[in-house]
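First up is the structure itself, then whatever we jot down about it.
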């Protein structure tokens, strides 16, 4: 099972802050995962936006990056505190 | 009697922070006063330096500016706090 | 020192503690950021700040280390709230200490630009008409680009 | 509010009082300047600050009014010590409050440049080897010229 996190506004837009799921065979890198999730949850391109970065186990990665079950995979929209 | 104030380092260099004295007839403007004081107190040009500004009754003036007995005349070297 | 905290903190108390650890510095600059009571003419009932630990802390530590490389700092202090924050409460506090003021000013400015545009937080403004996720403004990105 | 004081003051207390009067501002910047414990590798036993009232106060008031013209400030606070000041004690405190941080940072920076190079003070550094009147450094004048 991979742990998917949807941070910030993505939690509202995806409809969940966290999802635990087994990665399907066609989504074993970050680019493929974006497409698969976006299509299967009918998100109209939300997760394909380049402003949405992906972190694997707390490190930001560049697409396409290999992923595996047991990874924590975070989808991060633009950040900013203060 | 005019009240002369020597501020900052000028008090040490002139040897007095304050002097009360009647203005002599030859020193009735700021330019003349600088020269007269500098000469009579043997200050070697100290009071002629353009970085030394003069304030009359708490207002900075440009040389030559008329002065009179009863004025408070301050000699101000370069300022800076903080 | 860097802290994330879900509880209110007092900027003046933090400045006092910081001043006790500046080791003869001549200059201390502090920045405190507060939840405004209104934004764009609309009342604000609060702010929600989400962090992603430990990435958030690690990023701030890296930014503070970079500030210490760029300027001769004697000390730095950063506190950032997380969770729900009420109007008027402090969201963020940054303090810098150095021998001379320019380093302290610039480093505090730099750290705030980092926190505003690059620190790993997401921010939701709560208003009577609904809640809105807010992202850095164009001016924030422009400020931040001054240091590139 | 502007004060000259011959007595020690506490920067953190002053920040606390200031924060009580910022009326929903989003950003507060403070600067505290301290007597360093050494300068140019030599011990400093104190600083003596001479003012010339009311010219000193009037000049600072004019600078604060100019800052309020240049930036949208909600409030400002300036305290400056006079007389003899011990190492580690605060000489000067400046705080600015505004809706956004850039105005608060720039106005505090501007006011400090005014205080360092144009405010009507004379400053003597007391050391074990003698007392030295000190004038602004070239860098201070350069900083100050940024605003002309």
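Here the chain labels run A, B, C and D in written order, and each chain numbers its own residues starting at 1.
Please note the rule applied: contacts are C-beta pairs under 8 Å (C-beta built on N, C-alpha and C of every residue); 3 or more make two chains touch, one makes a residue touch a chain.
The model shown is predicted, which means the values in this text are computed figures rather than measured ones.
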item: Number of hops, subunit B to subunit D, where each hop joins two touching chains; value: 1
item: Of all other chains, the one whose Cα centre sits farthest from subunit C; value: B
item: Mean-CA-position distance for subunit C and subunit A (Å); value: 28
item: For subunit C paired with subunit D, centre-to-centre distance based on mean C-alpha positions, whole Å; value: 23
item: Subunit B and subunit C: spacing of chain centres that average the CA atoms, whole Å; value: 50
item: Centroid distance [mean C-alpha coordinates] between subunit B and subunit A, Å; value: 76
item: Sites on subunit D at which at least two other chains make contact; value: 33, 101, 112, 116
item: Contacts with 2+ other chains: residues of subunit A; value: 82
item: Full enumeration of touching chain pairs; value: A-C, B-D, C-D
item: Complex contact set, residues of subunit D against subunit B; value: 33, 49-52, 54-55, 58, 80, 91-92, 112, 115-124, 133-136, 140
item: Residues on subunit A engaged by subunit C in the complex (per definition of touch); value: 5, 7-9, 12, 55, 58-60, 74, 76-82
item: Subunit C contact footprint on subunit D (complex, rising order); value: 10-13, 15-16, 19, 22, 24-38, 87-88, 99-102, 104-105, 108-109, 112, 116, 139, 143
